[in-house]
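In this document, chain identifiers A, B and C correspond to the written order of the chains, with residue numbering beginning at 1 in each.
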Amino acid sequence: MSWIQKVDKILSIRQILYLLLIAVVLVILLNPLAIPIGIAGATRDVYNYIDKLPQNPKLLIDVHYEPAGGTEMQPAAIALLRQLLPKGPKIVFFTTHSVGPIMFERLKANAPDVFSQLKYGEDYVFLGFVPLTEATIASIANGAKEFVAKDPYGSSTADMPIFKIADKATDYNVAVCISTSTDPVEWYVRQIYTPFKTPILFMVVAVIGPSVQPFVASKQAVGMISGQNQAAQYELLIKRPGSAVAALDAQSGAHVLIIIYIVLGNLVYWPMRLMSKKGRKTS
Amino acid sequence: MLPPFFDTFGLWIGAALTVWLFSFAFKDNALYKLAEHLFVAVAAAYSFTIAFDGIIRTGINPVQQGNVSRIIPLIVGCFFFAKYFGKYSWIARFGPAFAIGVGLGVSVTTAPEGFVLAQVKATMLPLWSADPITALTNILMVLIVLGGLTYFMFTFVPGIRGPAKKTPFSRLYDVFMKIGIYGMMVGFGTLFASTIVSRVAYLIGRLTDLIASPQASVVAVVLALAAMGYAYRQEKKTAVGKA
Amino acid sequence: MSSALRRRGPYTVITLLILFFFVTYLFAVPTPVQQFSSQLLQWAAVVAYFAILVGTIDIIRYHLGPLRSKQPGRWQYSGALIAVLVIGLILGVSGVLSGKGTNYEPFAWLYNAIYVPSNATIYAILVFYIASASYRAFRIRNAQALLLVIVGLIIMFSNIGVGYVIWPGFVPLGNWINAYPVAAAFRPIIIGSGLGVILTGLRALLGREVYGRE
């Protein structure tokens, strides 16, 4: 067996690749490197758009992510709320994800500086979980308080002051979809933007970012924050670095390791392929 | 109010479940199976609770407040349960039929404008501009969209019957197909890179939580190693028995 | 007649609903009709909750089988699942009926201790498969694979601080690739999915859509 084949045999033991990845991420998490982060134009566009919103903007926000996606989406959501806070926003939160209520409580717990300054029922409201169907998004767009009679805390939505100014899709300055899947994204485009032309902003996990990009390029959405890296950039733009910025060093380490795996895989593959071709020619 | 012990116990359970679920990547074992089943159990209980809560808030509460028409979806929703009564299981199909009908109705009406026309309109870009980068970008975008549409919509190869005969049309088709494929490769390369960001972010989240409970994590790792060792031994015994 | 109702009834419901929404969206209709259309949307959302209830019941029924028959290697796990599920249901429903919803403390403890870390970990396992795929499957065999790897590497460098340190131009380059070629590459998929939705609706209207075995 040639040395290349020996290297391939060792690296083909996938558990070694897994352990190396865990080790690199763990070491960097325990010893941060403070690597500088560049700001992408797309993140700046979102920041500038929110900055230009009028005073007391009205927003509809779908908290559609689960605990896994929370690592990427929560920092972006908190950064958005912190940027909005000086404008005195009026926000209608709801969730189409069954675990959304848990994630909303975690969002509140991790952004006490925001929620302590907002009055429930006047400045913000949480409608709770509504089923993940296109009809639900259409119902919310046609009138949220008519659809949901009581919030998860037992209060009647009929008497809440916020619904006097923010109830239907046409009332909102922007509808935000914080999502880990493409379904709510597509439904927002079809049921909020297409009939009512309400501006949409997407905050999505990186894995669905490329699929959502065409909506941004066609100006059906005003912008997109995609992934932990853009969430970190957004935190830097609002000058409040948080968990996304803290995680980006570990992201760098993991990425470099995966690039090394790709390069090694090809450095091992090509000589072995040439050797086997030579072997076939001579035999 | 739960006793303070539950906070610590909760952290230990969380760390244990995290490590045992991760152990699947190394070797399937009994602790992984246990963790998986516990997860499914709580997920199912939580989903049921949240749906039950939703039915009360959006179905029963409006009826109590005077919106009597909400009784109709409550009745239609109960049709779902007819599947458990053999003779009447055909009634169960009306529940999903209603939901599917409304869903299709709202999506079909807005899909032409929202998905097709808007995207086609966005592709109609000026192919000439004073700025050469803008012009090249626009040409590239139009070619990639046309190539991608050719690749997806027209999956036949024209002009091929018996020995391959290249007509001018089939050559043009080949060119657009190739552009579409290379365009797709750009998209998939980006998708791969984006997937890495997401997956690594999930790993970072879990490791951050494990670092916060080091004792629990170490104990869980020791137990997972023991379970994996036991599973490996069982496998060897079965293999020897078969041989 | 009853067998016709059983077989064709659901399809008729779907067809009528699609037609109704077509008319209300595309034509000017009286206000009561528009209001009824909004009401139908709300009703569909309420009906969708029941599907989740049925899913949970089906999970219990599925796991009762191995438990009853004491299937070796499975019955213990199914037993643990059903036990924890029943405890969860009791806590959850008590919380809802007491007006606290999912914030009922014992129930909140259960899902914070078990569901949250497990859900996050299930998705996190995928990173290992990405790592092994990077070494074993990402082999540059032709020009297309080469382009995929080059673009992948550029975007990877644009996503991380190390890339910015090596060459700051990675960030605007990655931004341009995302905004233009990638948007163009995924646009045919969206157009195709839009056409697919239209065709599905058309097939449902014409009664040609088959939703299951007849």
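One rule holds for everything that comes next: a contact is a pair of C-beta atoms (placed from the backbone, for glycine too) under 8 Å apart; a residue touches a chain by one contact, two chains touch by 3 or more.
Only a predicted model underlies this, so the values are computations on that prediction, with no experimental measurement involved.
In this structure, the chain pairs A-B and B-C differ in their number of contacting C-beta pairs, and the larger number is found at B-C. Using the average of C-alpha coordinates as each chain's centre, A ends up farthest from chain C. Here the CA centre of chain A is 15 Å from the CA centre of chain B.
With each centre defined as the average position of its C-alpha atoms, the distance from chain B to chain C rounds to 5 Å. Along chain B, residues 25, 46-47, 50-51, 53-54, 58, 99, 102-103, 106-107, 110-111, 114-115, 119, 122, 187, 190, 194-197, 199-200, 202-203, 205 each make contact with two or more other chains.
Taken residue by residue, chain C touches two or more other chains at 25, 40-42, 44-45, 48-49, 51-52, 101-102, 111-112, 115-117, 119-124, 127-128, 130, 149, 153, 156, 159, 178, 180, 182-187, 189-190, 193, whereas all remaining positions touch fewer. Across the assembly, chain A contributes 18, 21, 67-68, 70-71, 98-99, 101, 128, 130-131, 133, 135, 138, 147, 152, 186, 195, 206, 209-210, 214, 217-218, 227, 229, 251, 254-255, 258 as residues in contact with two or more other chains.
Those residues of chain B that touch chain A in the complex are listed here as 25-26, 46-47, 50-51, 53-54, 57-58, 61-62, 65, 67, 99, 102-103, 106-107, 110-111, 113-115, 118-119, 121-122, 187, 190-191, 194-205, 207-208, 211. Those residues of chain A that touch chain B in the shared complex are 15, 18, 21-22, 25-26, 29-30, 67-68, 70-72, 98-99, 101, 128-131, 133-135, 138, 147-152, 156, 158, 186-187, 189-191, 193-195, 205-207, 209-210, 214, 217-220, 226-229, 247, 250-251, 254-255, 258. Across the complex, chain C is touched by residues 11-12, 14, 17-18, 21, 35-42, 66-71, 98-99, 101-102, 105, 128, 130-133, 135-136, 138-139, 142-143, 146-147, 152-154, 186, 195, 206, 209-211, 213-218, 227, 229, 248-249, 251-252, 254-259, 261-262, 264-266, 269 of chain A.
Of all residues in chain B, only 1-2, 6, 9-11, 13-15, 17-18, 21-22, 24-25, 33-56, 58-59, 69-70, 72-74, 76-78, 80-81, 83-84, 90, 93-112, 114-116, 119-120, 122-123, 137, 140-142, 144-145, 148-149, 151-153, 180-190, 192-197, 199-200, 202-203, 205-206, 209 touch chain C in the complex they form.
Residues of chain C touching chain B in their complex: 6, 9-11, 13-18, 20-22, 25-26, 39-57, 59-60, 77-78, 80-85, 87-89, 91-93, 95-96, 101-102, 105-107, 109-130, 144-145, 147-153, 155-156, 159, 176-178, 180-195, 197-198, 200-202, 204, 211.
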